[in-house]
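Everything below concerns the one structure shown next.
For clarity, chains are labelled A, B, C, D, E, F, G and H in written order, and residue numbers in each chain start from 1.
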């Protein structure tokens, strides 16, 4: 029999550090696949967040630096501006990117830095145990919003839409990880974003709707249902900008 | 005819592959891996079509597919 | 080689370029603006990159990125900006990255005044961030020394894999003096081995930097490695200037611009027949405790700790050096107000009076 | 030799430039020099002053509290700083804007540099005329040395070099005549 | 009154509420998350406001706003978050605003480990920000003491118009112990006179806070006022526990959780016939130098500086107190690793051996 | 004769700290007028920026606090959440708001804090001597972009458009100060924004296009021409949102 | 008939009122205020219409208008 | 009296709850107590343990390195911690998951609490059974005291109170019988 799907070589022989059913793992997997397909493993430096996403470092077989909380875009800027031949990508959670690090992502995007950012929106601060994130839905519970978020704490922030107000970014898409179909679409988006850097086209932003079974207090399966019913309803999937398409 | 192979020590028994399989050929097995998780396995006489949906869905990159 | 008459800030910037600095990120703040302004033009000329960071925070993190990539990198700021960089400074030290950071001090605390001062001594030398890290801190007192120390700081930061801080004051930043610029160094990017969580688990190959460490024992082990690094720096890098100490009965302790005023005062005091001397720490960390330890309490009657800071800060290290053997008196001005040599002379004369 | 001087006036009178040129000259001719600008506490307007020290040895305090020499372009600045000039000190003033002060313990050189500059066709060279007078009087530099430095300074502005050269020589002539 | 069995972090939060705290802003970070979590529910119950700040920076600045308005306000964080708050801390001090800040220390530097440690001593007591300001720093060693000190910190911060820092360690934050909670204080907003640029120019009436000061002389004058404030605090607020010092030949110096381990060790050592004692600073600034100054060098043979920090930090203040009269040895663990009483006993026994 | 325009009582008898011709002064003037007209002088606390805007404190006869650079929205949040009976407004420059303080303004807006923010966009860091701001135009010179800003440093950021992606703000308008007509419109907008707070309607954002003759190296008159020709062309004036209008 | 009054010590001689006046009735005068600025004044025989444009434009709040 | 104990098992076995209940009991009855949870270095899964100290006097070190008493619910935890039990110490183990260790210098109480709990109809009360045994054996609290504390703990969950009360008494009976 022929192997038609194999675990990517770019993944180390180690367990993902995530909770069972956490879709951060899916991202690790498809990022590894894209890196393998593009043949850029040895040139890659992953710029990782503080947040559960940092745990990708335990399985991804590339160089990596875990940036300070929220500052991955700044670290990636310093890195890519000087180590221009390297392939750099940034990975950020929603606490990291949309709360503490909002200025950094906006400015990296505005400068049109030549790297992609993968933005994992799971609506919660996963690593620290379930506090409210800027993307937490109205009514969704968190340890700092025990009866569910109300508008007093603000509305869920739509990062693709916000980034789309800036001129420089060349590619902005929101994907979801709740089903194999969506995962395949997400992989395609990530690959395109990575290609944009390789071709020197500039800044790409991929939002990935994700889950946090542990802090949502749901089984992994339930968490996917929640995503389909609530998360995707709040955060419409799709391409928000594709300047690269125009060129083709 | 196709089949999957679960890389046992990676599986965390999250069941997402089970849900993803259009043919409903997967189930949680009895076997427990070194991390204490009950490993997913194919049901007996399962008709896997090699669609890879399970592997695509698996957050642990724990599934390989053969045809 | 002929000298150029340069403003301190610009001289610092040019010295960095000659030391091989090829990345700078910074956010404007007085009194150091000429550093980013100069480099915004100069770095691209030599194939380097300049980024005006959206904030001090972003800037230091850009430097972290550039440093990880092996580029000689620098950032500069003043007081409030250093506070904003402190998490990044802690991280540079935690990661063991080489980089140079310049603080051109102004009045404080809070936003403070934009004039020169020396209000950030304790921040620079003790707790300028969480986690108990140390920076190698150089305190220039002339533009020439600023140039020389910046030039050297890059090498030192690479030698020890530890960030260096240039603690200048606003006067050094804005003064113009003749300087001899050092020659250009080759500016090659150079990837260095990175401390990593995989460092301990012995999986080599990849460069992987994580100052977030899940394993407590590994973190402790790394803390020990860092402590040893600090020991090594403390042993090898202490620098100070001793001026007219041989027979000194009154010793002024001062660094940076204060030390220059003190030097003039020492000369004036000597003319008046008062045996004055000066200890000028050049490295603030590691601190030249030895200079103070070896003062003879039978000879030295008083120490004047002279600083552009209210309350005094330098005094803490002097206390550690003196171990209670000689009285220490602090005299400070702040917020851009600066003592004259006459004023300092007077202060020493008061001490003389007291001892009569 | 250590000459501690203060130069002061109001914005637009070339106070800073004057100080810097002297600094360049010192630097060009292997002297030590230290130039420290002072800006008013308000951002714009108001008096403008700087201190300049020229010396044969390394300079200690860059702060001039008691000046050996002063060059003053405006009465308000004169009022502010005159008490800082040491007894026996030398004072250059722009007599178009300043009154000769009453102090008897100093030497005053009062020159109508504004008028002279206007006569030469450029209000802006008043400070350069003063500079010429300074050099002639103090002999800190030779005429050739200061001209040489000025040439450098105006390297990128050849169109104004000529008038500046004339201005410096004018200043020299005021003293030497 | 009956005791409640509470987790340190929650007890701290409840103590704040009882002390009249009606505003809290904070950003999550382990190991102090229970403080914001608890207060997010509790503050609205008592008519107060809770905001999860978008960052530590935003949070401390929200506290500055609330404090200006006269509300008793608090923020909390851990290591990296304190670095991010340092500009704000400097500003609270510069403005002379009352507020309470909690640092539940974890491993560091950099992002570090999330377990309890004592890595932020120097940051807390010396240069935790630019400008040479001082915080009144309390270091609790039990949950009960944490409650009592937090409760008092609000009053102290209002008494001196100076921010107070509670320097707890991750163990104090996560341990559960029985506590007696203090009674509820009236929580009235109270506008206080504000230091202002108009303060000096004598135009009263408006409350106007500017730590950006254009006039150098005014800034210097304000620095002097602040220095006097620090003098006053240093004179009145020093606190320490002295344990079995009367005949002690070996003195352990430790604060927080370390001091508890030390206390057990002292008991064990005494059982073995070794005359051990303990000095436990309760205020880290102002530091109880006097406790060390008065140690008799003829009696005390050695001092063990015991800390959950590598490199040692507390040792600097002990040196200032001891003035070279008694040898000081540092023993530290870090990053969540903690010494046992047996381990500490062994360290002291080593010193005993050395002195034989 | 009757006085038909007088210097507002809410202005102290003091000079504005600004350079001649700086439009910050116009804002000080119209803010004072609005405060006078609304009769809220004794209840007002101005939350000021670090930047030239801070100098309004020397003339505005109200309580005030100068926030740390970029943090006015956070300070205003802490203040308004606790001192609810006070009238609070924040005032910020473009370096302050769009560069270092971008996260704070976005989150205050997203939470719909009940105060207005006056955003002075003069395309430059005025107070520190003319460095590039996030709003500097492409081609415009600055001391850190000596040959003019290029896209490498990013494009001018459009704050009204960015804030408009958030749900909570009730009123967003961009005005200009280059002519008496525009100034009157700006005053109207400010008054409306202030009323929104008084009526508890929530967050208002008024962007005010301004100048910096000193650092633009232009006479005041020339600077107004530059604004008309370039600044307004880049930053379209108008109401970007008005939820309050709908209610009426 | 209308007129303006310049609050002399506030004027910074920026000329923005001059530009703003639809009737071109303003000019920089000879008089210098305590801050050294040449104060704006009405031209002689100027026909001010009291439109307030100058006062609205003035960044120093230095103009009052009468009718 | 100072009793330093360690409680350990894997996630889901109620290790933390057991420790906390003992803490509540101590607190309720005017004893000193100190409960310190330890989480594995990995965020989820793995062993779970805590230390609990009950004393009549103020407690010094909250760290238990040498335990007077241990309560262990899983073999892996037993393997990890058994060497920290002091000679003469008391060990409670869940005999359904743990083997009696070979140490002869300690007293071991092995109880099949999993089975017993299942018999009672709720797997979850295994730790409460153990608690009953602990109280009966050590007499740190009276039966009434621990029941009283448990009542408090389950105040908000009356639906499970009954089975927990049964469980505690079951535990007591295992020792007393």
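The rule we apply is simple: a contact is a pair of C-beta atoms (placed from the backbone, for glycine too) under 8 Å apart; a residue touches a chain by one contact, two chains touch by 3 or more.
Keep in mind that this is a model prediction, so the values were computed, not measured.
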### Centroid comparison with subunit C (C-alpha atoms), farthest chain
B
### Most distant chain from subunit G, judged by the mean position of its C-alpha atoms
H
### Query
Hey, which pair has more contacts between C-betas, C-D or E-F?
E-F
### Query
subunit B to subunit G: how many Å between their CA centres?
84
## Note on the structure
Between subunit F and subunit G, the Cα-mean centres are separated in Å by 25
## Note on the structure
Per the C-alpha means, the centres of subunit E and subunit H lie apart by a whole-Å value of 34
### Task
Give, as an integer number of Å, the spacing between the C-alpha centres of subunit H and subunit D.
87
### Query
For subunit D, which residues are shared contacts with two or more other chains?
42
### Where subunit C touches two or more other chains at once, by residue number
54-55, 57, 80, 87, 91, 110-111, 210-212, 214-216
#### Entry: Residue numbers of subunit G (touch at least two other chains)
35
### Message
Under the definition above, what is the set of subunit E residues touching subunit C in their complex?
### Response
57, 79-80, 82-84, 86-87, 90-91, 93-95, 107-113, 115, 119-134, 210-217, 219-220, 223-224, 226-227, 230, 309-311, 313, 316, 319-320, 323-325, 333-337
### Summary
Listed in rising order, subunit F residues that touch subunit G in their complex are 1-8, 11, 15-16, 18-26, 28-29, 32, 179-180, 183-184, 213, 219-221, 224
### Message
Quick check on the complex: what are the subunit F residues that touch subunit C?
### Response
50, 66, 68-70, 95, 99-100, 102, 125, 128-129, 131-132, 134, 143-146, 153
### Query
Which residues, counting only subunit C, touch subunit A once they are in their complex?
22-23, 25, 49, 51, 53-55, 57-59, 61-71, 73, 87-88, 91, 189, 194, 197, 203, 206-212
### Query
Which of the residues in subunit A end up touching subunit F in this complex?
99-103, 106-107, 110-112, 134, 151-155, 157-158, 161-162, 164-168
